[in-house]
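Heads up, there are several structures right after this.
You will see two complexes here that share chain A, one where it goes with chain B and one where it goes with chain C.
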Partner chain A sequence: MNAVNDTIRFENVSKFYGEVLGVNRISLTISPGITTLVGPNGSGKTTLMNLMTGLVQPSRGTVSVLGLSPSNATQFFCNVGYCAQFDSFPRGLSGFQFVLDSLMLFGMSEEDAYHLTEESLERVQLSDEAAHRNIAGYSKGMRQKIRLAQAIAHHPRVLVLDEPLNGLDPMARAESMALFQELGRQGMHVVISSHILDEVDRISDRVVLITGGYLIAQGNIHDVRQEVRDKPMQVLIRCDSPELLASKMFAVNHCVEARIHADGGGVFLRTGDIDEFYRLLNEIAVEGLVKIEAVAPADDNANAIYQYLIGTDGSIS
Partner chain B sequence: MSVFEHDYRPYDGRLTPLGTRPLVLTRYAMAEAWASKITIGLFIFALLPCVVALVMIYLANNPLARALVMRGGPSLSIDAGFFLHALETQCWFGLVLTSWIAPRLVSFDLGDNALPILLSHPISRFGYLLGKSVALALSLSYVTWIPCLVLFVYQCYSSPQPWTLSHLSLAVGIFGGSWVWIVLLSMVGLAVSAWVKWRVIATGAIFAMVFVPAGVGGIASAILRTKWGLLLNLPVVMSEIWQRMLGAPAVMPERLQLPSFAMAVVLAAACLLCVAVLNVRIRAREVVRG
Partner chain C sequence: MMQQSVGNAIGILRQQPWSLWWIQARRLTRIEIRRNLFTRRAWWIYSLAFIPAVIILIHLFVDSHSGGGLNDDTEVLGGVVQFYYVRLGIFFGCLGIFSRLIRGEMIERSLHYYLLSPVRREVILLSKFFAGAVSAVTLFGSAMIANFVLMYAGYGAAGRDFMLHGPGFGQLEAYLLIVVLACLGYGSVFLLLSLMFRNPMPGAMLLLGWEAINPVMPSLLQKFSVASYLRHLMPVSVPADGIFALLTVETEPVSAWVAVLGLLVLIAVVLTYTCYRMRTLEIRYTTE
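Right after this comes the complex of A and B.
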């Protein structure tokens, strides 16, 4: 399979709703695995998702999903599963009917649709009794599950999930994330927009940061963090004498902040030159003055990147 | 760096033809419409005139029964005029049924934000509307051309003289005239359903779209002393069309009769207006207003 047929590609894509900007000049390539769209409300995440699911056409530029264009409706939509963030269900249907109906719209025979419906409901762990109840009586978590079941039931290769963790209790969130991880590991494209950054951070292969309709950063979380050079990196070092380590490190220019961990068993150090920092840390370890147990980046995650690049008010920092 | 197993297998079974998929929406729209007891009630009520017409056909073709029941009353003539009257009655019941069924067809999906979900399937906006309009057209068929053709078939069966071959054009007129009305009502019904959220107002709007222009046309005709205002009078336009399609005697005085072409243009313009409304309202996303 060549690269075009295995990626989601945006080439200089802009979308305007009248005079309102949706997204502007987005060029992006999304590979298999889990990709998280991160950005404040109104940043263009849903527009980006609508573009990759073929629900809206770009005002400028081209979008291709696995080499397919939305104009090739049958193939395109059969390869894409979409879980909208809205509580959107045709009225009067049970969960089972909703998924079955959806599969028949994809063109599956009633027999295949029945089988796939049962399979997807099992995957999202919605009980048989609940599946045959009217959706109107579902809790928020059950609605999320049935939406997810509908999105994965036809075995798409691209799964687009708009805020899929909203309204789920911690147990259901963990189950959903395990399912996303499994699908991502199997080689599916899973694109998630979520505000629950801490949890998404654990399963994402890469992030796409967007605000005001503009792409801010994209790529592996660690790589993106490395690129944010104007924000000193924070590293947590677990050791037997954090005060001594802090004093040694703080003596050099590139170390700008040192904070002892609340349990007293480590120190957070912030440095403007991570390479020099690790070299110095090696020297200290070799000298044997401090017994180092663990070293881990403390702000190498989606949450920190969001804070550094977008800020709390949604404006670009 | 993640390790992808690449063992995910998309669905590779057989697919149904693209053209049949809107019927999935039709099935649920029909179930939704006919789950209501009011729909059933309206349907039964709409068939009562047909029962009366059926009895009249029986009496017209049975001299003994006619003598017993009508006791020398006026003779019954089963001709184009009779079927025109039956068709007009049924078609106006069709309007009542539309005003009940149509408001829910699209407005529920718009209100529930179901369109992004439905349109993220291999079904176009046209396919979506086709599925909904087939449900409405089928429902209207039950009260328009189907009962009228049943009357026609019963007359063919009951008539002692050879009647069928000389009156086949009546059957064609009933079928064609009904479908002109069904298509128009479906377009108006869907457009109103897409535009108006509240059922009561949507029901009123469907009646208003039929009768308000008639009033405006009447005023224009009176002020300008012209017959062209009648083009806005849908009941008059449809009566004229049905009368011509069935070959029944003219009801309107000759000076007020409208050219067929002008009436066709008016109906086409009404349908285009409805298409424009549907084009604006049926979107796969929420409309963002700046």
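Right after this comes the complex of A and C.
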């Protein structure tokens, strides 16, 4: 399979709503696995997803998903499932009927549609009793689940999820995350937008940071963090003498901050030169003055990158 | 060269998944008919369709039905079709049914489910149109049959003779044809209006005004009116007295088949443009 037929591609894509900018000059290639779109409200995440699925058309540039265009609906939507943010449904339907009606439009037999409906409801863990109740009586979490079931029921190769964890309780969130991970492992494209960064961070293969309609950074979370060189990196070192280690490290000028861990069994150190930092840490370990138990980056997660690149108010730092 | 182009076009048409589209259209139509007819919100359209039948039913019990009244009642029925159904009942019924198909779903924020299904947008639109037409024809057609039966039931043998051996059955056929064409004509226009405007009501009111003044327009402009085509299909000429005189201005006579064909061409043109609008439709519920 060639690269075009296995990726989601934005080529110099801009979208304007009248005079309002949606996204501008986005060039992006998304490979299989879990990709998280990160950005503040109004940054263009939903516009990107709507462009990907043909709900809106680009003002400039081209979008293709697995080499397909949304204008070829028959092929395109057999491969793509979109769980949009709109929390609304056709009136008067039960959850089961809603998913079944959607599947019937694929042209499959009624028997197959029934089978796939039951399977998808099982995957999102919506009980049989709930599935046959009218959606109007569902809780927000159940509505989220039924939308997810509808998006995955036809076994798409690309799954686009706009804030899929909204309204879910912690248990349901964990189950959904496990499902996304499983789908990602199966080689699917799972594109998620979410503001629950701590949770998506654990399952994402890559992040796409977007703000004000512009793409700020993209790639593997750790690689993106490495590229943010103007922000000193923070490392947590678990050791037996955190104070001694902090004083040793502060002897060099690239170390800009030290903070003892709340449990007293480690120290957070912030450094402007990570390579030099690790070299020095090795020397200290060899000297044997401090017994080092563990070393781990403390800010190469989506949340920290978001803070560094976008800031809490959504402005570009 | 020309033959090659035609050959290519036929080849492309043959490659299209017609059987899939047919299955999708059937299923989508079934879903839409269910939503149109079996919902509490449709009660006022049922009322629009059956109010004349209720009045005629009351008339059946209250008034005596002597033989001479049959001709009068035939004229009354012609007037009910021409002035109530075509001008108001079917007009507003179709406004309710067809403007809900796309715009209603945009207001309810559920249209995206269709647009994210593997169904061509033209198939979605035409299936919705067909479902709307079936719903409207079912309601107004059955109301028309009820009107006819109730109107002549009181005349006993004379009424039966009028229906089965006289002109009654032919008139019923003509009225049903008018109902079908009115539903298709107004339906196509309202479907287009609902795609063009967030609130199709002002457009519908303009259309109502246009239909009312159309008989006094030049003959070229009369071709852009649903009611003007239907007027030529009326089996009974209703005498124009008082305010009705404005609505029954006789225009140049047109044969029935020209009227039917003309209206079908108008419907086809409107639907073609509606398909184009559907093709370029974007989902932006925040602006609804």
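Rule of thumb we're sticking to: the second predicted complex is superposed on the first by the 317 of 317 C-alpha atoms of A that agree within 3 Å, B and C clash if a C-alpha of one lies under 4 Å from a C-alpha of the other, contacts with A are read in each partner's own complex, and residues count from 1 in each chain.
Just so it is clear, a residue touches a chain if its C-beta (ideal position, glycine included) is under 8 Å from a C-beta of that chain, and two chains touch if they have at least 3 such contacts.
Note that this is a predicted model, so its numbers are computed, not measured.
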Legend entry - Clash or fit (per the criteria above) of chain B with chain C on chain A: clash
Inset, instruction - Go through the superposed model and pick first if A:C255 touches only chain B, second if only chain C, both, or neither. - result: neither
Legend entry - chain B versus chain C as contact partner of A:L168, first or second or both or neither: neither
Inset, instruction - Considering only touches as defined above, state whether A:P32 meets chain B (first), chain C (second), both or neither. - result: first
Inset, instruction - Using the superposition on chain A described above, determine whether A:E19 touches chain B (first), chain C (second), both, or neither. - result: first
Inset, instruction - In the overlay, answer first, second, both or neither for which of chain B and chain C A:R157 touches. - result: first
Inset, instruction - May I ask you to decide whether A:I8 touches chain B, chain C, both, or neither, giving the answer as first, second, both or neither? - result: neither
Inset, instruction - May I ask you to decide whether A:I146 touches chain B, chain C, both, or neither, giving the answer as first, second, both or neither? - result: neither
Legend entry - Touching partner for A:Q186 - first (chain B), second (chain C), both, neither: first
Legend entry - Per-residue touch tally on chain A - higher for chain B or for chain C: B
Legend entry - chain A residues contacted in one complex by chain B, in the other by chain C: 17, 50, 53-56, 73-74, 76-78, 80, 82, 84, 86, 88-92, 101-102, 104-107, 150
Inset, instruction - Spell out the part of chain B that touches chain A in their complex, as residue ranges. - result: 1-11, 13-18, 21, 24-25, 28, 31-32, 35, 108-109, 112-124, 284-285, 287-290
Legend entry - Of chain C, residues touching chain A in the complex: 17, 20, 23-24, 27-28, 31, 35, 39, 105, 108-110, 112-113, 115-121, 280, 282-285
Inset, instruction - Quick one: which bits of chain A touch chain B in the complex? Just the residue numbers, please. - result: 17-20, 22, 32-33, 50, 53-56, 73-74, 76-80, 82, 84, 86-93, 101-102, 104-109, 112, 116, 150, 154-157, 183-188, 205, 220
Legend entry - Contacting residues of chain A [partner chain C, same complex]: 17, 50, 53-57, 73-78, 80-82, 84, 86, 88-92, 101-102, 104-107, 150
